[in-house]
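Listed next: structures, encoded as C-alpha cells.
Shared chain: subunit A. Partners: subunit B in the first complex, subunit C in the second.
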Partner chain A sequence: MAEWIKACEADDVDEEDVIRFDHGSRTFAIYRSPDDEYFATDGLCTHEKVHLANGLVMDDIIECPKHNGRFNYKTGAAKGAPVCVNLKTYPVKLEAGAVMIQID
Partner chain B sequence: MVIVGAGECGARAAFALREQGYQGSVTLIGEELHLPYERPPLSKEAMASEADPAAKIVTDLRKLADARIILMSGARVVRLDRQAHDVHLDNGASIPYAKLLLATGASPRRLPGLPESSRCVTLRTFDDALAIRRHLAAGVRVAIVGGGFIGLELAASARRRGCPVTLIEAQPRILMRGVPAEIAAVVHAEHERQGVCIVCGQGIASIAEAGETIEIALAGGERIAADLCIIGIGAVPNTGLAEEAGLAIDNGIAVDARLRSSDPDIFAAGDCCSFPLAVYGGRRVRLEAWRNAQEQGGLAARNMLGQDEPHATVPWFWSDQYQLGLQIAGLSDEGRDTVRREVGPDAFILFHLAGDGRLVAASGIGTGTAVARDIRIAEMLIARRASPSREALAAPETRLKALLAA
Partner chain C sequence: MTATMEKKRDYSLVGESTRRAIETGLASADWYHTDVPRKAMKELMQRSDGPAIRDTILWFALLIGSAGGGIYFWGTWWCVPFFFVYGLLYGASSDSRWHECGHGTAFRTRWMNDVIYQIASFMVCRNPVAWRWSHARHHTDTIIVGRDAEIAVMRPPDLVKTALMFTGILDFRYSIPILFRQAFVGLNEEEKSYIPEMERGKAVTAARWHAAIYIAAVMAALWMWSFLPLMLIGGPRLYGTWHMVLTGLLQHIGLADNVVDHRLNSRTVYMNPISRYIYWNMNYHVEHHMFPMVPYHALPKLHEMIKHDLPAPNPSMWHAYKEAWPVVKKQLRYEDYFLKRELPPTAKPYREEFHSLAMPAAAAE
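So, the complex of A and B:
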C-alpha cells in the first residue's frame, strides 16, 4: 500500500545536490534540483548497487560515484553505459518544511 | 562499416554508429566466443565471489538484432588488405569495408622463459578468469608477479577466498606507474593489514614448475613456492594486424585526435591505440581504462561518419581493493607539485598542479566512493584548464563545486 513518509527537512539537501535516506531495509536518494524542486529515486545504482548519494548532481542528472553511469533523477531514465536499467522514482511533496516521499 | 574487436570499445562503436543514424551495414568481429562483456569485474567480484560468476555482458542478441549489428564471435581477423578494402578471417572468409575500426585491445605482457603450465597464468579474458578461479580455494598459495592494478586487485580477491598471497614487484614500490607514492602507500598498508606479503625491488631470476608447485627464484636469491602464479606485469597493445598492413605504430596504433590512423579509412580506439591528448598540449598517450574505451568507441564512430570531432576528454580511472576505492582524473605525472585535501576521516585527494599553477590531475583514495564526487569535479576543472587557488583546494570547507562556477 502506498504511504507518505518524511524523508528529511527541506534544508538538509543543498541546491543541486543529493542525500541518502534509509527507511527500514530500503534506501533512497533525495534530490534538490537547481530550480529548487525535490525528487526521490531508489538509492542504489542499477549497475552495481552502489549508493548514489556520493554522486554528483548536475542539472537534472545524477552521476553514479562508482563508474559515472548517469540517470535523469526526475524521470529515472538511464543515460548510457554502463547503466542500462532505469532507476525507480517516487512521488515527492513538501509539507511544513519537510520532504515527504510516497513509497509502495 | 567493419569493427575488429568486440570488446567494450568495439561494441560501443557499433551502437554509436546506429545512434548517429547510420543505415548501412555494421559488422563487429570478435575472437572471443562471448558476447561483449565488462573486463573490470574479472579481477574483482568475479574472482572474489564464492559462486561461479557469469560474464557481465554489455549487450545481448536481441539488442544486437534490433540495431542490425552483425556480430561474428569466435572469428579472428588475420589480415587487412588496404588496397582491396577488406579484412580476412581465420576461416578464409573476407569482408569488405568502407571504413574500418580497429578496437583490438591489449594482451598481457609475457615474461620470457615461463613454464607452460595451467598454474602459471595471466588475466585478460573471462576464460582466463575462470581458469584462475579453478585453482583458488582456501589455503592455495598464490604468488603474483607485478604490483600494478590487476595484480593488486587479484591479491585482494585471492585474500577474500582465503589464499595466502605473496606479491612481487620489481620496482622499489607498488603502483609506480601513474599513482603518487602517498596513495600507493595507503594501498600497500592495506594489503599488508589484510595479510598479503609484498616484496618490492626484486626482479625474478626464474620461474619453474616442479610437480604441482611453481618455484619462483628472486634475483636476491630468495625462493617462493606457490600453487598458482599469476603474472600481472602490464599489457601490450594488439597492433599486429595494423603493423603488417603498414600503418604507423607508436606504442599502439598511432592515430590523430580524430582517432584516424595513417590510412584515412582506418580508425583505431581503446586500449590498442595511442593518441594526442589535447588537455596536455597533444602529448601522445595510450590509455588502458574502461571509460576511455567507451568514449573512444563513440568518438571513432562519429568520425567514421565524417563528423570531424577531436578527442577532448580527461582520462579517468578507478580501482577497487578490499573496501578501498581509488580514482584518478588526468595523468599525475603532468604535475610538479601537489596539494592535499582531506575528504572525511579516511579519504584524501591529491591535486596535482603544473608549474604555472594549472590543475592537471587529481588522485584520490578512500573507503568506497568517498572521493568520487570531488574527483569528478576536479576532472571538470582540469578540462577547463582551471588554476584554482591552493587554499581553496586544500580547505575541506570550500565546496569544490563552487570553483566550477568561478
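So, the complex of A and C:
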C-alpha cells in the first residue's frame, strides 16, 4: 500500500544537488533540480548498486560516482552504458517545508 | 618480511580466481575513499567544455600538421621527426582521450565526449563498446585477479612481454585478431562476462566498422605500393605506443592485488607537462580511481586536497620505475611479493582487517 513519508526538509538539498535518504532497509535519492523542483528515485545505481547521492547532478541528469552511468532523475531513464536498466522514480510533494515521497 | 609460493593466479575472468573473488567479497566490494566534503567534491566534479576543447583543437592541429609533414617528406629522413610526433599523438594520446571521454568527464557536452571517444577508440585499436564495459569492470574490481580485465602486468611478470609492450607489437598482434574475431565470429565467453546482452550487437557492429577501415588502409597501401597509408592509419599503434606504456605501466605495477583500497594498488607519479598533456593527467592515478567523477583537469586540485591521506607520490617516472623494478624482479620468484607503500601520519590506516584475509603476507614497506 502506497504511503507518503517525510524524506527531508526542503532546505536540506542544495539546488542542482542530491542527498541520500534511508527508510527501513530501503535507500532513496532526493533531488533538487536547477529550477527548484524536487524528485526522488531509488538510491542505488542499477548497474553496480552504488549510492547515487555521491554523484553529480547536471540539469536533469544524475551521474553515478563509480562508473559515470547517467540517468534522467525526473523519469528514471537510463541514458546509456554502463547503465542499461532504468531507475525507479517516486512521486514527490512539498508539505510545510518538508519533502514528502510516496513509496509502496 | 616473509614470502610464500602459493597457487598461481588465474587471470581468466571465468575461472577459479573469479569464483574466489566473488566468494570472499572482493568482487564489487565497498572501496576505501578519503573523506572529502560534499561541497568541495561537487566543485571538483563540475564539468566544463573549455579545457578539453582547447586540448582537442591542439591535438588535431598537431596530428594534421605532423601527418602533413610526414607525407611531404616521405621518402627522406626528414619524415622521421614528423612521424615521431604523429605516432606519439596517435598511438599514446588516443589512449588517454579514449579513457577520459569513456568516463564522460572530458567535456561537459555529451556528444563531444562520444565523438572523441569513437575516434580515439579506433586509433587505440579498441572496440568502443567492449572496452567501455571492460573499463567499468576495471573500476569496480581494480586489480582483483579473475575480475579485472585490464591488468597490464600479471604475476609472475613476463619481462619479455612487458618490454615488447613498448613497441606495440604484442598489443597490435592481440588487438587486430580480436577485432576481426569480434567482427566476423562474435564475442567470446570472457567478453560476455562483462558486456550485457543488450550491448553485444553494438560491439560486433563497431568491430566491423573498425575492420573495414583497416582493410581500406591495407588496400590503399597495396594500390599505392607504399607503406605511407599504414604509417598514417594503424601503424602508429606500433611505432608511437611507447609513451602510453611508459606512463600506463606505472599505474599499478609492483603494487598489491586483491585489495579494496586504491592507495595500495595504484600509484600517483609527478610527471613533466608534455607527458601530462599526452596522458591527460592520469599520473594522478590514485585520485582518479578513488574519484572517477573528477575530470582530468581538476585532478591536480584533488591531489592537493587529499594527499595527506595517500602514500607520497613518486617525484618522477624514473623514481617510480626505480621503485618498481626490484619488486617486479622479486615477483619472478615470489609472485605474491608486492610493494606496500607507507602512509603519512595524517592518513587513515589501511583496512588490514579486510586485506589480511585476501593479501598474502609478502609485502615490502
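Simple rule for what comes next: the second predicted complex is superposed on the first by the 104 of 104 C-alpha atoms of A that agree within 3 Å, B and C clash if a C-alpha of one lies under 4 Å from a C-alpha of the other, contacts with A are read in each partner's own complex, and residues count from 1 in each chain.
The criterion applied here is as follows: contacts are C-beta pairs under 8 Å (C-beta built on N, C-alpha and C of every residue); 3 or more make two chains touch, one makes a residue touch a chain.
In this text the structure is predicted, and so the values were computed from the model without any measurement.
Participant: Should the pairing of subunit B and subunit C on subunit A count as a clash or a fit in the superposition?
Facilitator: clash
Participant: In the overlaid three-chain picture, which partner chain does A:63 touch, first (subunit B) or second (subunit C), both, or neither?
Facilitator: both
Participant: Could you say whether A:49 touches subunit B, subunit C, both of them, or neither, answering first, second, both or neither?
Facilitator: second
Participant: In the overlay, answer first, second, both or neither for which of subunit B and subunit C A:82 touches.
Facilitator: A:82 sits against subunit B and subunit C alike.
Participant: Which chain, subunit B or subunit C, is in touch with more residues of subunit A?
Facilitator: Between subunit B and subunit C, C touches the greater number of residues in subunit A.
Participant: Output the subunit A positions appearing in both contact lists, the one against subunit B and the one against subunit C.
Facilitator: In subunit A, positions 54-56, 63, 65-68, 81-82 sit in both the subunit B and subunit C interfaces.
Participant: Considering the complex alone, what residue numbers of subunit C touch subunit A?
Facilitator: Residues 28, 41-42, 45-47, 103-105, 108, 129, 132-133, 136, 139-140, 196, 198-199, 291-293.
Participant: Can you list the residues on subunit A that touch subunit B in the complex?
Facilitator: Its residues touching subunit B are 16, 50-51, 54-56, 63, 65-68, 81-82.
Participant: Residue numbers of subunit A touching subunit C in their complex, please.
Facilitator: 17, 47-49, 54-56, 58, 63, 65-68, 70, 81-82, 84
Participant: Quick check on the complex: what are the subunit B residues that touch subunit A?
Facilitator: Residues in contact with subunit A: 8, 12, 38, 58, 290-291, 294, 316, 318, 325, 368-370, 372-373, 376-377, 401.
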